[in-house]
Amino acid sequence: MPQAVPLSWYLALSAVLFTLGVAGFLFRRNIVTMFMSIELMLNAVNLTFVVISYRLRQVDGQIFTFFVMVVAAAEAAVGLAIILTVFKNRATLQVDDLSTMKD
Amino acid sequence: MQHLWIIPALPLLGFLIDGLAGRRLPKTAIHAVAAGTVALSFLWVLKTVIALQPLQTAHVERYFDWIRVGEFRIGFDLAADRLTAVMLLVVTGVGLLIHVYSIGYMAHEGGYYRFFAYLNLFMFFMLTLVLAANFLLMFVGWEGVGLCSYLLIGFWFRRKSATNAANKAFIVNRIGDFGFSLALFLIFLNFKSLDFGAVFNGLAGWRADTGMGTLTIIGLLLLVGATGKSAQLPLYVWLPDAMEGPTPVSALIHAATMVTAGVYMIARAAPLYLKAPIAMDWVAGIGLATAFFAATIGMVQTDIKRVFAYSTVSQLGYMFLGVGTGAFGAGIFHLVTHAFFKALLFLGAGSVIHALAGEQDMRRMGGLRTKTPVTFWTMLAAAAAISALPFTSGFYSKDEILVSAFHRSPVLFWIGIVTAAMTAFYVFRAIFLVFFGTCRGEAHAHESPPVMTLPLIVLAVLSLGGGAFQVSKWLRPMFPETASPENPMLLAASVGAACGGVLVAWVLYWWRPALPDIVAARLKWLYVAAVNKYKVDEIYGAVVVRPLVAVSREVLWKGIDVEVIDGAVNGTGRRALGLGGLLRLAQSGNIRSYATWVLLGAVSLLIALGVLGGVR
Amino acid sequence: MDPILFLIFAAIAVLCGINVVLQTHPISSALSLVGVMASLAVLYLLLGAQFLAAAQVIVYAGAIMVLFIFVIMLLNTGRERRTRGSFLGRLLGPPLLVILLGSVTFVILRTAPRDAGVRFGTYTGGTVESFGRALFTTYLWPFEIASILVLIAIVGAVALAYKEID
Amino acid sequence: MNYLLLAAIKAAVVAGVLLLTLLYLQWVERKVIAHIQVRLGPHRVGPHGLLQPIADTLKLLTKEDLLPPGVNRFYFILAPFLAISLSLVSIAVIPFGPDVHMAGVRTSLQLADLNIGVVFVLAISSLTVYGVVLAGWSSNSKYPLLGALRSSAQMISYELPLGMAVASVLLVSNSLSLRKIVETQSGFYGGFFPAWNLFRLPFPQVFGFVIFLIAVFAETNRVPFDLPEAESELVAGFHTEYSSMKFAGFFMSEYANMITVTCMATALFLGGWLPLWPVSLGSNYAPAAVFGAAGAIAIYHGLHPARKRDRRSLQVVGALLCAAGALFLIPAIRTLVEPLFWFLAKTGLLLLLFIWVRGTLPRFRYDQLMRFGWSFLFPVAVANLMITALLVALVG
């Protein structure tokens, strides 16, 4: 076993996580879960940012990750508010029941 | 840095305050703001002019780039030279007086704040026009004053005639503005800039073109613009109707400032005109024709404001004659004096109308000499000035113009003299009809409040002593020397003309009141024609307006709009529906399907770039 | 030492990730996601991004996911029903995912630098000092704009959800 | 290897002390409250009820561990463990004292000196919400759910003022490592006045300290902010459905949180292990003096006992105390004990404050709580942060 972890491992990990996120978005039927899958993808991308910033010995990558976090927070707030509204109007979170723009 | 921008900024501020909050403000606050801002900017003008002494060369201030498209750069630049200084003083000074006057005149009108907001807005645009350092910014002011004139003519928008007059003014001005904008395009095309400085420096490379060269065309197009704004033949028709607006508006916009914008513009473009003699001849010709033509109409009008309206047109003609014959200084000088006495005439007329509770027909006035003494004496002064009686302001300015006209060609001079005589006649006719004899109306007159008479007095002093200003001499450095040695013969002629006009008026309307009808009966056809303003409006209506309307309705609306455009639109709509029907199959509204599509795209991109060797 | 730690936490992350996808109850997914984030935070530590690790825990685990769990508890919609929504998704999804993972890993393996890998402690650029310095000098404007963005998001969220919670 | 062994030893010691404190803090609380309310408090089990905690623990251990029907098993069981472990973790970064030499080994009285210690603590405390929320949700019953929602909302709301108060401290002593923060507070103004962050120029963090205290009261769900377990309205809040050991878990976690936050307060504001007055004025004899005095008092009471059986016990205790005081006079031990003494003294006083408040104040209403938090505490915290930043920027 190598003494140091190859970068490719980290990147592969992020790839796997990203794919999992996509899968979740494709196959889950609950809006909230799909939303969480998006967060998962974001995290995967964040990991690559940090890895590359480690590789380049520059803090910028981490800063990008930081901004991704901020945006994710804003997104979560608004998105969940929207979900609340949707639930109020439709009384369901199943995306397949939400395929029309107005009832 | 003299912070020229403050000059227009102040009235704009006033406009914003009155226009936005005016509804809630008390009247005192409203007119305090309006007049106050104008007064402040007048003071600032004084300070600036004094600070910039002797102002031999233009003082330019560049603030920021307004438009920048490739080589096309228009800065928000203001400039001040002697010409500008004169205009600034006139605009802010007279404007201030008229603001004060309006406080009294509009006291009982509705839409008080609206009126003052519009006035301030007008001041802003007018000052922008005057201060602009390039043609486009000038054009902005040009259009802005047009807008304000429209708003103020139609101030009593419940009156159909008022709104019609407003529309007429606006539309007729459009024609002129069209010419102006064409001129701007040509200028930019040829000089690659619209800055006055740049353009006029660029002119050095050109030699005066004798034929219909570029410069001549530009000059003529500018002239078209000027005729529109300054109510010259053939576009003067809107000005008499513009009298529908409140009298202070007629005084400020349609006598003192806005209508003189054309003259200012031509004087501003003097270097260009000097290289386009043909254009200059046109200017002079149109000016003189307008002067004469309008004077004849003015002689027989009975509505006091219309009389002064036509006299304004004719005096503007004089100014055009002046600048057209190369006496730019004289033209501007006459502009200044005219601003004084014509504003005074209008304000006086307003005071009379005010006194007679809205009566405008001179035949139902009379004998106001004793009832409204201040108005009478001030208007008398104005009348003396406009009919160029010796040693009044009008005397000097008009004389200079006539002299330069004479040096151009005696014909111009003699026509000018005749016009001068007519001017004297119709003005004093008005004076006699209004102030002498016995009151033929029923309204019991009363003198206006001091807030109205004070401006009258100030203006009266100015129009009597305004000749002392020596504007044209001061403007010498700006314009090439116009060789016009004083000539006692000419002087005598013009004085004689003036006195003759006055005398005739006295004979007809005071000594022998029966005579006018006899004269009218003798020269029936002429009289009728003049009274009907030579049916110009009707001719325009028949020749221009009605065909236009017909064409628009029959061809453009029923033909092109309905058939072609609507047809095309609807057809497109139908096609879109058909296509959408196909595409709708993809729009299942199911997020996960969309996600799948996105994924498909992402993967294909990834393969294209990453795997098939986009990367490394 | 490093590889062991990495493998442990990578394994946790992947397992939790799989759990996020497989669990049918949103709460379970949410908590698994928290697990992913926590393990990622540890990985950040290994990568020398100390502040980021803390921020990851505070922002993601401490704030965002709490928000999610709130909403889930509030709406209290139990397990999701098995609706057969997207035929396309079921048809194309799996192969596309495989291709995605395959191609990405392919690209990674081909382009990732072979040189010295990640060793804990060899890079300490992620300290609060350096991070803050970069954030408040080079990235000042983005930072301010981000703050405005968050403010707008707050207002928007309140405006959207205000009357809903009753 | 040596390092690992040392770490293990330290961890063991800290854990032991912590758990013991947990047990007896509760005893102390009951006693103090009792005396505030003019009662005796636990008095039966052992002398002055000293064995009460152990009895309680045994009781909780031996009670039936019942699982209500309809709960979500996994999370129901997970919640208390989450709570207790999270509340115990953050003690790791608390520095109890400076580096000390013991048997030739040089070590710091701290489990782990992270250079982001403060942020670490904040992160952990931001996670403690999960325990509550999960407990409330998985109980599948309305009171716990309401309680959980309330308490988590309350925790989140009061985390902001908390963070801001801490941030202002960080501004004053620019470091995130708790050890460094404490070290920057050493020194005395005018040779006798401690330069703790509480009094630290340019801007004494008095407001910060108060805000911090209020916030942690809310964070630890203590009176007057103990709405989650507002008996009158919510039975027992989020742990209504819990019993026996799981209940004990929540119970312990609450007290552990108390200890942690008081340690934090000590380290951040009260200069950690630093003495109140300089050594030149003999601060290093304080422990001995205090213990001696305590012993003396005990012996005195032993000589004039209130009850018969106290005669011997009190004298023995007094003798032990005096002996300890004498022991602390030995330089080798003194150097080791002194900082610990100061640290524990400050923390203990803060804990007493907690208990005292509980004995004194009534409970807020929920809307009052939220309004207070958002429209008073938060703005004040912001203002405090701003002023601090400004002054630091001006001075530094």
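Labels A, B, C and D are assigned to the chains in the order they are written; within every chain, residues are numbered from 1.
Keep this in mind: contacts are C-beta pairs under 8 Å (C-beta built on N, C-alpha and C of every residue); 3 or more make two chains touch, one makes a residue touch a chain.
Not measured: the values here are computed from a predicted model.
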Of the pairs C-D and A-B, which shows more C-beta pairs in contact?
C-D
What whole-Å value do you get for the distance between subunit C and subunit D if each is reduced to the mean of its CA atoms?
33
Centre to centre, by mean C-alpha position, how many angstrom separate subunit B and subunit D?
84
How many angstrom lie between the CA centroids of subunit A and subunit B, rounded to a whole number?
66
Between subunit C and subunit A, distance of the C-alpha-averaged centres to the nearest whole Å
5
Do you know which subunit B residues sit against two or more other chains?
588, 590, 592, 595-596, 599
Among all residues of subunit C, those touching at least two other chains are 51, 55, 63, 74, 85-86, 89, 93, 97, 100, 104
Which subunit D residues touch at least two other chains?
none
Please list each pair of chains that are touching.
A-B, A-C, B-C, C-D
Give every residue of subunit B touching subunit A within the complex, in rising order.
588-592, 595-596, 599
Mind pulling up the subunit C residues that touch subunit B in the complex?
85-89, 92-93, 96-97, 99-100, 103-104, 106-107, 110-111
Which residues of subunit D touch subunit C in their complex?
72, 75, 114-116, 119-120, 122-124, 126-127, 129-130, 133-134, 136-137, 145, 148-149, 152, 156, 176
Of all residues in subunit C, which touch subunit A in the complex?
2-4, 6, 10, 13-14, 17-18, 20-21, 26, 29-30, 33, 36-37, 40, 43-44, 46-49, 51-52, 55-56, 59-60, 63-64, 67-68, 71-72, 74-75, 77, 80-86, 89, 93, 97, 100-101, 104-105, 108-109, 112-114, 116-119, 123, 125-126, 130-131, 134-135, 138-139, 142, 146, 149-150, 152-154, 156-158, 160-161, 164-165
Subunit B contacts subunit C in the complex at 588, 590, 592-593, 595-597, 599-600, 602-603, 606-607, 610-611, 615-616
